[in-house]
Structure formats: C-alpha cells, structure tokens
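The structure's right below; bear with me while I get my questions together.
Read from first to last, the chains carry the letters A, B, C and D; within each, the first residue is number 1.
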Amino acid sequence: MRPRVGVWLFGARGSVATTTVAGAAALAHGAPPAGVVTAQPAFAGAGLAPIESLVFGGHDVIDTPLAKQVERLIAGGVLPAGLNALITAELAAAERNLVVLPVAATQAEAIRRMAEDLRAFRLRNDLDHVVAINVASTEPPAEVGFTELPELRAALDAGTPLPASCAAALAAFEAGASFIDFTPSTSIRPPVIREWAVERGLPFGGQDAKTGETLVKTVLAPMFTARSLPVHAWSGTNLLGGGDGATLADPRAAESKNVSKERGLSDLLGPDVAGQVHIDYVDPLGDWKTAWDHVLFSGFLGVRMTLQFTWQGCDSALAAPLVLDLARLSALALQRGHVGSMPFLGFYFKDPVDSTEHSLTVQYDELVKWVQAC
Amino acid sequence: MRPRVGVWLFGARGSVATTTVAGAAALAHGAPPAGVVTAQPAFAGAGLAPIESLVFGGHDVIDTPLAKQVERLIAGGVLPAGLNALITAELAAAERNLVVLPVAATQAEAIRRMAEDLRAFRLRNDLDHVVAINVASTEPPAEVGFTELPELRAALDAGTPLPASCAAALAAFEAGASFIDFTPSTSIRPPVIREWAVERGLPFGGQDAKTGETLVKTVLAPMFTARSLPVHAWSGTNLLGGGDGATLADPRAAESKNVSKERGLSDLLGPDVAGQVHIDYVDPLGDWKTAWDHVLFSGFLGVRMTLQFTWQGCDSALAAPLVLDLARLSALALQRGHVGSMPFLGFYFKDPVDSTEHSLTVQYDELVKWVQAC
Amino acid sequence: MRPRVGVWLFGARGSVATTTVAGAAALAHGAPPAGVVTAQPAFAGAGLAPIESLVFGGHDVIDTPLAKQVERLIAGGVLPAGLNALITAELAAAERNLVVLPVAATQAEAIRRMAEDLRAFRLRNDLDHVVAINVASTEPPAEVGFTELPELRAALDAGTPLPASCAAALAAFEAGASFIDFTPSTSIRPPVIREWAVERGLPFGGQDAKTGETLVKTVLAPMFTARSLPVHAWSGTNLLGGGDGATLADPRAAESKNVSKERGLSDLLGPDVAGQVHIDYVDPLGDWKTAWDHVLFSGFLGVRMTLQFTWQGCDSALAAPLVLDLARLSALALQRGHVGSMPFLGFYFKDPVDSTEHSLTVQYDELVKWVQAC
Amino acid sequence: MRPRVGVWLFGARGSVATTTVAGAAALAHGAPPAGVVTAQPAFAGAGLAPIESLVFGGHDVIDTPLAKQVERLIAGGVLPAGLNALITAELAAAERNLVVLPVAATQAEAIRRMAEDLRAFRLRNDLDHVVAINVASTEPPAEVGFTELPELRAALDAGTPLPASCAAALAAFEAGASFIDFTPSTSIRPPVIREWAVERGLPFGGQDAKTGETLVKTVLAPMFTARSLPVHAWSGTNLLGGGDGATLADPRAAESKNVSKERGLSDLLGPDVAGQVHIDYVDPLGDWKTAWDHVLFSGFLGVRMTLQFTWQGCDSALAAPLVLDLARLSALALQRGHVGSMPFLGFYFKDPVDSTEHSLTVQYDELVKWVQAC
C-alpha cells in the first residue's frame, strides 16, 4: 500500500501555499498537471505519492480563510474562474489542518509547540510521512553565531535567538519531518541547524525556488559558456506586486533574494561579469512578475552583441507545482532513509544546498538519476 | 608531427568565409579565440590541428579581392579597425588559393574541374587532409530525383541535373576531402549523394549552422520541457541585411532556411506549437541581425505567460569561429577514418544530419564524448 | 432636451461590438470611462449625447446571443468577471434590436431591406439620430469600377456588384444615418459611394481604427521627425488571435489591413523607410494582441541606433470606447448638419478619410477644435 | 553681415563636448546635419548663425588633447572612422581655445579668472556673441542657502560656497555670455543666480538635455493622456558606460539625474504612477546606453495592458547636435535682447526652466513659434 504523506506549509495562507492546495485539489478533479515535473514519465516508476493523496496543513501568522485567498487569486487571474465552487471540500479539509503560529516566552517553547502541531497533524490524519516546506515571507539575512548544538539549545531556552525560519526548520526536525526551504531565508543555512537534522536522521533541502528570471538565466548562461562567447555584463530588473513583492520592497528582505539570485550567475560565468539586479515592488502588477534581462557579450574578435529577454509570469502558478514536486520527492527521501542535505534537488533552486551546479540541464539529469536509483 | 590541414571554402569571398580567414590570421597574431569552442580545455588532448596552421582556399563565383571584403567588414563593424594592416600576408596567401568556380558544358565536367582545383590546392600546399565547407549563398530547395549512383552519373554526363551545392559536395568527395554544409542548401540531403561519400570512404556533416535565434531556441525549448510547461505558440521575426539577407529576400531561398529553422522546435516541443517564423531583408542593418521571439506558454492550471527575447548579433562573427571548429573537427574525423554522416556535430547545426537531438546541452555532451573517445 | 441617439453596428455580435454594448451598460452602472476620449473635460460643453442614453442595434451574419458572447469575453479576460449578471437588462434590450443580415437576389433589394431594418430601429426606439458604424470582419480589398451614380444604381438592380461594406454604407445613407468605417474594408473608399452620402446630405468617416501598434507609431514617428533623426527601417510583427485574427489569417483580408497600417508611416516619414509589417494569426492568444516594432535610425554623423517596442493589448477593450466616442461625435455631426467626409476624426484612424495628417497630437488638436467650434 | 558666435563649453574635453566640436567640423566638410533640429526649414528665416561659423572654446579640469578624445570616440563607434584625419585643423583651432579650469583661494576670484578666460576668447576670436553651455560632469544636488545677491557676494569673497556649476554660470554672466545647462546640476536653479543673470541683462536656459529614454517618454505619456488610458506604473532601467556612466555610478550624482528624469512623468501623468527609475553603470557598454521601460496601463473596464520599449542609443551622438542647436538659439536670444529664462527651449530638456510643459509636440510648436516671432 502507498504511504500516506502530509505536507506541512510554513506560510500556509500565502499565495504560493494557497495555489498549491487549490491546485492539488484541481488536479484531483482532472486538471492536467502542467508545471508538475514529477508527472513526467521519467518519474513514473519510483513510487512517488500520488498528488491527490497528499494531505495539507500548516502554520501562518494570519488567519484569513483559505477560501478567501482562493477568491483573491481568482480575481487576480492566478487561479481559473469557478475553481472555488469545485474544490470547496478540499479547501475545508486543509483549513481544518491550519494553525496559527504559536508565540511563546522562549524560542525553545515555541519550537516545542510548533512540533506539537506537526505531530497532531500526523496523528489526526494518520500519516506515514510528514514533509515540511517553508513558503513563508522572505526574511532579511541574519547571522547565526552559534556553532555547537549545546550552545544553541541553551540560547533557545533563554530567549529568541533565531529567525523564524530556523525555528520552523527545527520544529520540523523535532516532529520527524523533512524540511525544504522554498525561500532564501536563513532556515537551514547555519551548520548547526543542519547538524540538528542529521542528529535526528532527517533530510533537508533548498533554497529559494527558481521559477522565473533565474530559471531562464540558468539555461542561457551555459549556452554562452558552451559556445565560448564571453559575457561582459548581465543586468536585470524584476517588477513584482503581490505579498512577496510587498515583502521584497523592504531592502533588507530583498537582500536575501538578491544574494541567492546572483549566486547562479557567478557560479556559471565567473565573478567578472558586470551588471546589477533590481527587484522593484510595483503594486498594480498584483500576482504577476515581469523581468527584463540584458546580456552584453562578445563574439569573434571582440565584436559586441546583446541578448535581451522579458519574462512575464505568474509567480504562484509557477511555484505551486514545484511545491508539489518537492513534497513528493521529500517523502521519497524520507522513505529511502536519506539523511542530510539533498543536493540532487538543485534543479528547483536558485541557491541549491551543498551544490554549485546551476546548469538546469545538468541539474535535471542529477534529479532523474537520483529518483531512478535503487 | 601534426598533420597539415587545408580548408576549402565554397563561397570563399563571402562574409562568413572572409571573417573566417581574417579571424584565423588574427588569432595567429594573438587575438583571443572568443567563440571558438574547440579552444576549450575539453578539446585539448585530441590532437586537433592548431588554428594558426590551417591553410585556406576555395571557390567563389565573384572575384572581389579578399582584402577588399575585409575592408567592407571593418567598415560594417564586423572586424576590428586596423586588422587589415596586421594580416596582409595571410590574406595574400589565401588569395593565391582562391579560384573562380569552373563552368562547363556538363556537370560531370564541372565537378571534375572543381575536384582538380582541390587536388591542386592540396599538392601546392603540401596538405595531409583537405576539409571542404560550404559557406556559399543559400539555394532554394530542390528535389533530386535520382536514387541510384549509375543513374545519377549518367545524368551528370548529359547535363546539369544537380544544384550547385550537390556538385560542390561531389567535387569534395572526388578530391578525397570531407564535406560540411554550413548552409541549408540541398548538398548532402539526397541519399544518393551520401552514398557517393560512403563509396569514397569520406565523412560529411551539416546542415545550417545555428548561430543566433535558433541557438537560443535550442536551450529555451528544453527548459520548458524540463519544467513541464506547455508551449502554445512560438513566433519569430528575423531582420537581417548583408549578402545573406539579400539572398534570403528571395522567398524561394528563404524557404530552405525556414525549413531548417523550424525543424528543431517541432523536434523539441512537438508539432502542435502555433506560430510563424519570418525572415525580413532590412538592407540598412548591414551585417547585423536582430531576431525577436515571442513564446506563449502556460503554467499551473492553464494560466498564460510569455517569454520574449531579442537577439542582436553579428552573424559572420558568430559563424566564423564555428567554421574553424568544424574544419578542425572534420580533419580529426578524416584522421580517425570516420566514414559517412557525423551526427556528433549536431551541436553546430539547425538541422543536424542523421540526428533528431536539438538540445544544445545534450549535443555538447555528444560532441565532447566523440572528441575524447579513443 | 437631449436628442435620442441610436447606434447601428454592422458586425453587431463580434468582439468589438459586444464589448461596446456591454461597456456602455457597465458605464451606466458606474464603471469609470477609461479609454473614452469624449469623457475628457475638453469635450464637456459640446452637447454630446450621454453614453448611458445610447440605444444599440445592428446587423450580423451569425445569431449567437450577445449574452453568450459576453460570457466568452469574460472567460478571455476582456470583460470583468461578474459583469454579465449586472447588465442582463441592457443586453436583452440590445438583443431585441439585432437583426440577421438580409439576403436578396439583387443588392438593390438587399440594401433596401437593410435600410428598412435601420428605419424600424429608429421608429421602435423613438430616436432622433441614427449613427451607423461598421465593425464587421475585414474584407479583402476590392476594386469598384463605377464612377457615376446612375451606372452604379443599374448594376445594383441587376446583381451584387459591391462588397458587403459598401452595401452597409449605402443602407445607412438610405436610412438617413451617418456612417463610420472602423475597419479597412472598401465601404466608403469609392468616390461614387461618397457622392451618394453627399446627395443624401449625410456625414461619413473612417477608416480602420488605430488602437495599438499604429497608435504608438503615430506618436513615435513624429518624434524622429521633430528631432531630425533619420529613420532607415521600421519593421513590425503583430500576433493576434480572436475572430479578427482568424479573418486576417486570410492573406487577402490582411492586405486591406496592411495597406492602412503602412499609410501612416510613409505619410509621416516618407517613402524611403525599409521594413515589413507582418500580421500573424496565433490562435492561443485569444482576444489579445502582441506587437513588436523595431526602428533603425541614425543620429549625428550616421551612427546607427535602435528603438524597439512591444505592445500587449486587448484589442476589443481598446476599440470599444472609441466606438462610443465615434457614435457620440457622429451624432454631433448629424446635429450640426455636417455633410460629407469628417477628416477631423483622423485621431481615431489608421487611414483617415480626406486627410494625410497622422501625428496623433495634431489630430487631437483638430478634433478638439471641431468639437469646440460653434 | 552675420554676427560671429563663440561657444564656450564647460566640460570641454568630455564626450559630448568633443562630439560637438568634431561634429561641427564634419558638417563643415559636408556631413549631413542629422539630429540638428535648427537645420529644418522651419528655422531657416530666423538668421541663425551657420554651424560652420561657430568658434569653440571652453574649460575643463583635465588636459587630455581633443584629438585623443576624438580617437577614443572613433574606437567606441561614436564618431566615424577616418574623421580625425579630415578635421585636424578644426580640432587644433578649438584646442587653442581650451583652458584648464582656474583654481583660486576664493570663489569670487575663481569666477573672476573664469570670466577673464571667456573675455579673452571673445577678443582673440573677434566674436559678437559668446554663448556658454555646461556639459561638465553631473554634480550631486546641492542646497544653496543665499537668497540675496549681496549676501551671496560676501560669501564668494570669503570662500567657496557654491557648486562648480553655479560658478560657471556666474562666470558666463560676468563675461556677458548667455548660459545653458545641458546637465541636471545646480547651476541656475537658485533664484539668486537667476537674479544675477537678469541684473546683467542676459538669458539662461536648461536643464538636463532629453536625448533618450526621457525623450521617448515625453511622446508616449501624452499618447496615454490623449486616449484617456490610465497609466498605473512606469518603470525604467538605464544601463550606461562612458564618463557620464562612471559619474552617475555615484548615487549622489545619480540623484540629480533621477530628479530631473522623474519630473516630466509626474507633470504629464500626475503623481499617482507607481514605478522606479534605475541608472546602472555598466562599464563595458562604453559610450552606449540601453534603456528599458515598462508601462502598465489599463483600457476599458480596467483590463490591464503593457507597453515596453528598449532604446539603444549613443548618448553623445544624440547630444552633440542639440548642443549646436542650443548654441545657435542662445545666440539668437542674445541678439534679440532676451533677458532671463528661456522656457521656449523646453523641447530640449528633461526639466525645462520655468515650464511644466513636457509634451514634445507642444514644446516643438513653442520653439518654432519663438524662432519665427519678430
């Protein structure tokens, strides 16, 4: 019998989370799995949990009903008109598993309560595996000073030393869940957090899903390399509205995003490429993003040429099928007893954990190879 | 001792040919090999002939001096100012090996004389291998009715049954040279022509180098496939001036180009993608090409999105280093005794001989694998 | 008391017509008049008929209910979700005034019956003025040989010598209505048709509304002129789906469109500008149009530069408010007793009747001047 | 007899100044006056000084020979190859009139010496009018606290209270020259500086020439207004290299530019338009600028649409003919005895002195009207 898989979303009432839950329900009603990579034949024999069997739950700091978020996303053209009527039952089921993020005097206590929420979710829904995915608002970068677990444990008992995303990761590990960071937040960056996962024998992965401009970059940059065409400058401007846009309007939060966005380019083309990346909040764009990139390169004997592209995408509609993929793949990793980082998921991320490979094609091959192994 | 390699160019006074000859000379004077793929470390151990050792010759129907063509290309910004003074000796050397295309009463006779020109080139320059590359003007598509060699031989004795590109290929084979078609002309398309090459024990490859819009397409299309994002329409407009543009302003010649341009997309994405490709002659663009592509795709639950790109390239500066690559790789094939089609050169072509693989990354891996074999 | 104005649409069930009727109803319910030029303060004092007082009717060759067309346009994102429920009454009222285009043995008889339909519309709705606007499918170009009215009348009695758009214009004139051609069809091009209008003492105008690429062109081209920057080439590609796109997929219909599209550019920049305009039918684009234009110009001492633009518009949503404008302005012309062509409406058209002025700013000033006159 | 006009350039060895001097010489040798607005027939009867009669001089802080700057601009594709040989005499003549910017203990003394340089230029070249134009590097914005002339004079005697551009303007006025600011620096912004000009009976104008992105904006924004299409967001990214780019890489200098860039848009479309403007220094772009603008607007019933444009221009080649225009027009103003600001030159500027009119067409009409007056 197929194992029952629960998907715990941090940021469970946001656009990405809502589109994920609504989309899984739509697939169960027969919508084609556009954008779902694990629906490809190459992934068929690996025993991945069927999407329609996934059970959703999660934490958020707001309590707007999922059904209301679905309506907002329909009005914004992200979800198809009429979907809400079709999936009322599924939304209600997920709604019952959503919990307001606990607040406590010490972070140790907060993590304990969060882990408790995950365990309750597992019990109530009779789940074999729980996979946690962070789709909460992007945090500003943070330095985590602790290098040893005991030191960290003492600090957690005394106050709130960690950013929320690290607490989320630890709560997942405490509840025996895997953890994926879909965002560029701190979460599993500190080695001490990764150590905690390993101690509990659990897998983790991330970070910052590549769904738009960066996705395109990671196929174009290898083209220039393969053809020995020197790239002199790569400049980009991203215009976005929505909740994510509003968060990134704060330059400190945008910093996290920029760091992970830039990583791929310098890994792929080297450090000497000029050019900046801008992220602009443009409220009237709603849930849509437009990115313009300008690449200045040269050919034979130094003659200068350019490639420009404009990407106009609906971020949540690009992200949600990847969240479903990552849920299925994390569950497989749990089932296979994988412990520690999952660099074979680099295909999904701007800043892949424990990997400097950014070429999409190479990453795809690595992913398929892992899935088809054993 | 390294074998001496001669490069015979059909269309030897055109922009691509002139840029190739001038560029090889510039590299000999220390210019960096931008755009030359075989200059990458991955190709280092295979014993490829050094670029500065290549000897150039060829046929053309015009007799404008190479030095004059170089001046025109400098004025057009294709070649760097001042290059002509630097490479006078190399241009003069190549000029001595250029021959006006012979005309004769029967094509058998014409081919005989052309082959004679190639043999004289080999003798005069003491060459171990001669590789022929077709960089002549694109022809309109042509049907070649013959299926058996004797039948074809009889027709050649009686008149001029074949397009010029087929005659060029046969002349190369008669002279013991390999043949690469850099254009989408008929040349090696008819099976009977390929049979001739095999009979002579020679390798051939092509067709239609991918240097711009199509190059970009063959990395972007696999991205959509890898991410399971359905592509609904892919439309493209190419604006180009120059000699190639003037040729393609003839809708019959453009047809050959369009066929090879479209091949990759339908092989990569399937036949159901809407959209047309236009090639417009815009004389004032000179040797420059601008291509705009518009891709309509959808993500999760059918939401429509677009990717557009604009490519502004100097065609000859993109083509010339590839001609150098193909010369070196063909010489290696000759040396290795390879007979028949060279599908492992698909990396370079819009419509690769005996291959339906169009993904640039996969093609790159196939190329490197072949080079590093034995 | 304000005169009652009826608007007769040829092509009354098409996208533009449906958006016009639905949009007028939406404005009556308080939607802001975005895109309606005559809602600007400069038009306030002229006694234009209020939009909410306009009465709609028309001919079409199909009988799909308006309400169904509205649903289709909502699904396509042209009209806002929920609009159909709000405007049921207005749609039903217009539906009662829609008539299937009469067919008859001779065109004289067909025109008589069409005019009868217009007269019945006037009587039934107690209208002071009827203004007719052609928003039917674009026809291929047609030569009309007749130069004298009696000759034409005889031909109409004997068969069907004229394209449908000419018959529509004559039916309007027979019923005492003004006539505007929103399309590039033949309609009022033949002098003999214009003579007919003058004989009846009626105004006419057109042709081919400028709503997208051409609109942008007519502000950009004067910029180059004003700054003495020579334009060498102007190339354009239009991608469009929808009913209009399907019609223009026929190269003969597209010819009419191309002719009117090119007119402005050569009037504005002279005949020596290179470049082509393409219109591609891309079915999956639905009611949306994307146009890309590439302008090659030069500055001081001949240095080459480029301007490119991409326009992504919803054609019907751009057209409908202009139909409302033209209805109001035609009614004003009728009221003022204007006879013959209306060149002061050039602001709205790619190929303005009796005018070679294409600069949008100049046209705007001419329009306002006419409205504010007397 | 035509009056002899001298043109004094602050920043006389920069790219714009060098292109101006070299370009005027090229015109004298028969190059067509592309980009020179005052070469249009509309300006013919006004008695403007012929371009080939203009005499150039100026201040700079560097002493790189003009001839060397010309070579750099030829290498960068700004000036045509071979021009230097043609115009050696003209460059040498201008070189003799270039002076290193004087340095002094007090700004009063510096201004005195600068004015002395201008007077010497006038005497040496037997000039009737001297027009000064500031094409020096953009300064950061500066607050000038003085409101009364005596107060300012006292401060100048005591130290260096003003930014360099204000000193340049005062030196021009002291020498009886008109002053135009081609940059967004402080120069004539403070009312007390303008008072000084009026006291001396001299005209002044500016600021910040519109040559690229802003130029396009000031024809596109009025299009949206004329058509009643609400603009929700206008975002722009400017990539530029060269000396100007290097200066603007300093965020404080960029601030001046951004302020004048944004002025037009809010004057044209109102304050509620979202979106940011970025200026990125991209060194490998050399003297070229690429700007991408994204405009989000809506049509009928709120449906969202976009217009994007990409401008690829050579800044100095766009600027230089305007400097020639402004020199001729300033000389005409001097001749006509015009005193104070010249708002009728708004056609040339992003932030026109004493004018809030930004529509290019209206500005053109105002300019022609002034030229043709009297």
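Simple rule for what comes next: a residue touches a chain if its C-beta (ideal position, glycine included) is under 8 Å from a C-beta of that chain, and two chains touch if they have at least 3 such contacts.
All figures in this text were calculated on a predicted structure; none of them were measured in a lab.
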Duplicate of the A-D contact set - from C-D, B-C or B-D, the pair where over half of the pairs recur: B-C
Between the pairs A-C and A-B, the one where more C-beta pairs touch: A-B
Separation of mean Cα positions, chain C and chain A [Å, integer]: 49
Inter-centroid spacing, chain B versus chain A (mean Cα positions, whole Å): 44
Residues of chain C touching at least two other chains: 77, 306, 308, 310, 312
Chain B residues within the chain D interface of the complex: 74-75, 77, 81, 310
Chain A residues touching chain D - in the complex, by the definition given at the top: 232-233, 235, 237, 239, 274-276, 278, 280, 282-285, 290, 292, 294, 296, 304, 306, 308, 310, 312
Complex contacts: residues of chain D adjacent to chain C: 19, 23, 26, 31, 33-37, 39-40, 77-80, 83, 215-216, 219-220, 222-223, 226-230, 298-303, 305-314, 317-318, 320-321, 347, 359-362, 364
